[in-house]
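The following pair of complexes shares a single chain, subunit A, combined with subunit B in the former and subunit C in the latter.
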Partner chain A sequence: MVQCPSCARRSEPCLVCPQCGGPLPAETDGFTALGLPPKLVIDLDELERAYHTISRRIHPDHFVASPPDVRAASLKGTALLTRSYRILRDSISRGIYWLELKGDKLSESNNRVPAELAELVFEVQEQLAELRASRDQSGDQSKGLAANMLHVRQDLDIAMNRALDELNGNFRRWDSGAASEASLRGELKAVLARIAYLRTLIRDVDRELETVEAA
Partner chain B sequence: MAYSSKVLEHYNNPRNVGSFAKDDADVGTGVVGAPECGDVMKLQLKISDSGVIEDARFKTFGCGSAIASSSYVTELVKGKHIDEAIAIRNTTIVQELNLPPVKIHCSVLAEDAIKAAIADWKKRKGTAADDLKVAEG
Partner chain C sequence: MARIVGIDLGTTNSLIATMQGPQPRVIPDPETRQTLLPSVVAYSPEGEVFTGEEAIKREPHLSVERDGAVATVGFPGGGEGAVIRSVKRYMGLDNADLAPADRNRYTFADLSGPVVRFKVGDRVLTPPEISAEILKALKKRAEAVLQEKIDQVVITVPAYFNDGQRQATKDAGLLAGLQVERLVNEPTAASLAYGLQKMASGRVAVFDFGGGTFDVSILSVKDGIFEVLATHGDTHLGGDDIDRAVVDFTFDGLPDLPRTDRHIWNTVRLLAEDAKKILSFQAGVAFELKLPGKTLELKLDRADLERLAAPFIDRTIESCRHALKDAGLQSSDIDAVVLVGGSTRMPLVRRRVQEFFGREPLCSIDPDQVVALGAAVQAGILMGTQGDMLLLDVVPLSLGIETIGGVVERLVFRNTTIPTSVSEMFTTAVDNQTHVDIHVVQGERELAKDCRSLARFKLGPLDPKPAGMPRVAVTFLIDANGILNVMAADEETGRGHMVDVKPSYGLTDEEIERMLEEAIDYGEADIAERLMITARNDAEQILAAVAKQMRDHGGLIDDQERRQIDEMAALVDQARKEDDREKLAALVEELNQLTTPFAERIMDEAIKQALEKKTVQELS
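For the complex of A and B:
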């Protein structure tokens, strides 16, 4: 229970006092901060509405002339609310955060790269190196490599979308309790790692393509 | 963040970059990654029948610290017996390269790459399954 610095009444930890509507000095997880159930599938419009509603209630601008403990609750609450909103609105950071809530970490016993993915990473990186090396020589070879890289970029998008679909499938299974926590956690870590490797690869490809375009 | 001079030295002048043929029976390949930053590291070790590491190659796509860690490791393991190489801890790499706390995971990656490469070699050589478990730790 947490005591409200404005009305002194006690309530369950959350950011807005249910009795008087003032800011509460509660330290909650991100879902609770936004008044949402701990579910991985989130309606983004609903999330945004919740964020704005609570933000309007506890924003520091409303408490400039309030006692220090109320002002402090408003500041801390707003910081927690904003941080939580940013984490939850992106499905990747939401998944990573979920692992932390479960006492796990994305990097914990999770450093083997599946052979197929490793092959893709090395293949694309080598093509990038080739493209980089050809940059100084003008002409058809460089153009051909650049055109090929655009195809690679499209394939990476497809792979990324597939991974994101898998992530959402995993989210749904968590919410419905369709499998044991251990197996869902393993699955979540594997797909988040795959997304991380793909994201790095896409970043590197985009950088190179930008350089090619600028030239 | 500034890199240490040793990291820069390996980064600008990496040792043993490249690959061995994957199907060479004497070569063990370890591919590991850091999901928090998306870095991927491949370490290949050429190992004699008596278990001595004769040569090493690496390819790392990642930050300067990851590249320096793998470059340093290829030098470190050469000439060592696999039992010695498996005992290498990431702290050795951290100390040698003066890695800051945020880059310690790069050294862990390099340590894991050694273990993965040796495990792969043992698997190819068909060493007893118990040994393999130890190697994979």
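For the complex of A and C:
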């Protein structure tokens, strides 16, 4: 239970006092902060509305003349709210956060190429190497290679969209409670690892394409 | 609730505004009716302080008589005491940041310290003290007009101001006897002024090109909520730079004009500023400069000016590109473009902005006043008179801490909505360590040395304990002003205290610019350097571990094995002093394999001992 610094009444941890509407100094998870149920499928408009509504209630701009403990609750509560909103707004960070809430995390040291991506990764690396090697050569050749690279870039987008679809599928299965948590967690980790890998590849390719464009 | 007023503390001009009923109004000087107060401060040899036009009179210059576009320049005037212009450029700066041009222009005291200090007669003044004089003049003006005491204010700052520059602005308010209730970013303030008129909604780009700074902010404006999506800018890019280019061009064209004479230089600078303004309406301008014994003609046409200004305007457009990218938008997604700042009066600027965003920019609110009007609206929000309006701004630069090997661990990413906080657990590296040093940096680069030092502080005193045992949770909180606050709490005792964080110094615009540019240009070099540091750390760890195991478990290893390990360890030790990461990584791997059997024997031994203990315990 948390005590409200404005009305001194106690309530369950959340950011807006249900009794008086003032800011509460609570430490909550991101879903609770935004007043949402702990579900992975989120309607982004609804999320934004929740963020704006709660911001209007507890933002420090509304407590300039309030006592220090109310101001502190407003500041901390708003910081937690904005951080939670940022995490939940993006499905990838939401997935990673979900794992954290389950006491798990996406291992950073795992750089193995996900099996489903092996072929694509090989192609991207090969094309990147060719493009880099052609930097000093004639314009025509590197233009041709850049065009190939653009095709690869589209393949990467397709793979990314597929992975994001899978992520959303996984989210739906968590929410429905149909499958076992252990299998869902393994699946979530695998698809997030694949997304992380694809993101790095896309960044590398974009950087290379920008270099070509600049030259 | 007491009145809160809004102040635009500008590089060139400053203004004060307040809500009057539902509308914000700029408060003019009660005598001159002027709304703009030139941000110029003069100190007479007797110690008197002058601001605005009164201060400008005291600048060394030649008397100028104007008749239309013809200026006749005569005898020298002013020049006594010290006159400081554009002090905003020096807010939150370190002496090392001063350019040679600054040192030619002003006299500085004590160049060794971390803060810029101007030498004014026998006084030494910091930029916040000088800015405070401008704030005091505005406060006096408002009190005279409103007939009430004013001590609560909102002050605007460039969105791209860093922590040190914001802190310096807050300090200036304090020194002027004002309570700074909020620092608001200038482009965001401008969006409030337009938003109040319902002239800009949806996705809004604010292009703020002032006398000394440039900012661009991309906002989403919806149901009274003004949410900044991304901001970019340059705290040392403004109309001043264009004036200076015009001055250089003028001197280049008139070899007879002595560049080193302060009176003449200042006069040419004033004329350049005038010429720039006139060329917004005319195609050409000419001034006659009458010097003792000769008359020189200063001529400039719009094409010259545009050629001189183009490189600076290119940089503003580049910033727009960055901001859009960070907001995840295309220029076609923007519903309204707002122009702010005197420099947006230049036709070339308007053309380029229109070209980039593909739509005609809004400029119906006076670009010199719009920021002050917005500051008054924000003051109204704080007073609770603006209904549902709420501003959600962002932090312009990432914030991180220096970790082993000088690598930055980023804690708050740029364009994160403020207020925001992040907690990090710190512990000790050696036994009985009583303090942990923390170095906070701001910037986008991978290595701390390439970012701007923001603050250093010590955690402690901690109770002496084995390494890794103490656990201190440190919370980094960026408040709604964009200023960092740090809190630390010992996990075990729950003992919490505010940590006194003294900013190292402010960031220069050139530095921020360089940091960002280099973050893009040198991205790969950074990563290579980072990997090398990680490889060195790995090597040091394994060398220390192997040495310790050989010392503690010498009995589990024979002479030949020991010799082989020693030789390999020596090779690793050699390689870690060189720069070949792959070689180092390969040698570390070899050492790892070579010591594996030994490590296994240590493990077996430990298990055996543990089992023996258990047996003894079970028996007893």
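Quick note on the criterion: the second predicted complex is superposed on the first by the 203 of 215 C-alpha atoms of A that agree within 3 Å, B and C clash if a C-alpha of one lies under 4 Å from a C-alpha of the other, contacts with A are read in each partner's own complex, and residues count from 1 in each chain.
Quick note on the criterion: a contact is a pair of C-beta atoms (placed from the backbone, for glycine too) under 8 Å apart; a residue touches a chain by one contact, two chains touch by 3 or more.
Here the structure is a predicted model, which is why all the values come from computation and not from measurement.
Enquirer: Touch test for A:Leu167: subunit B only (first), subunit C only (second), both, or neither?
Expert: Neither partner.
Enquirer: With both complexes superposed on chain A, which partner does A:Leu188 reach: first (subunit B), second (subunit C), both or neither?
Expert: neither
Enquirer: After lining up the shared chain so the two structures overlap, which partner does A:Arg207 touch, if you call subunit B first and subunit C second: first, second, both or neither?
Expert: Only subunit C; A:Arg207 stays clear of subunit B.
Enquirer: Considering only touches as defined above, state whether A:Lys76 meets subunit B (first), subunit C (second), both or neither.
Expert: second
Enquirer: With the two complexes superposed on chain A, say which partner A:Tyr197 touches: subunit B (first), subunit C (second), both, or neither.
Expert: first
Enquirer: Using the touch definition up top, name the residues of subunit A that touch subunit B in the complex.
Expert: Residues 106-107, 110-113, 115, 118, 121-122, 125, 189, 192-193, 196-197, 199-201, 203-204 of subunit A touch subunit B in their complex.
Enquirer: Which subunit C residues qualify as touching subunit A in the complex?
Expert: Within the complex, subunit C contacts subunit A at residues 1, 4, 181-182, 222-223, 225, 378, 381-384, 388, 390-392, 416-422, 477-480, 523.
Enquirer: Of all residues in subunit A, which touch subunit C in the complex?
Expert: 52, 55-56, 59-62, 64-65, 75-76, 78-80, 82-83, 85-86, 207
Enquirer: Can you tell me which positions in subunit B touch subunit A when the two form their complex?
Expert: 31-40, 42, 59, 61-62, 105, 108-109, 112, 116
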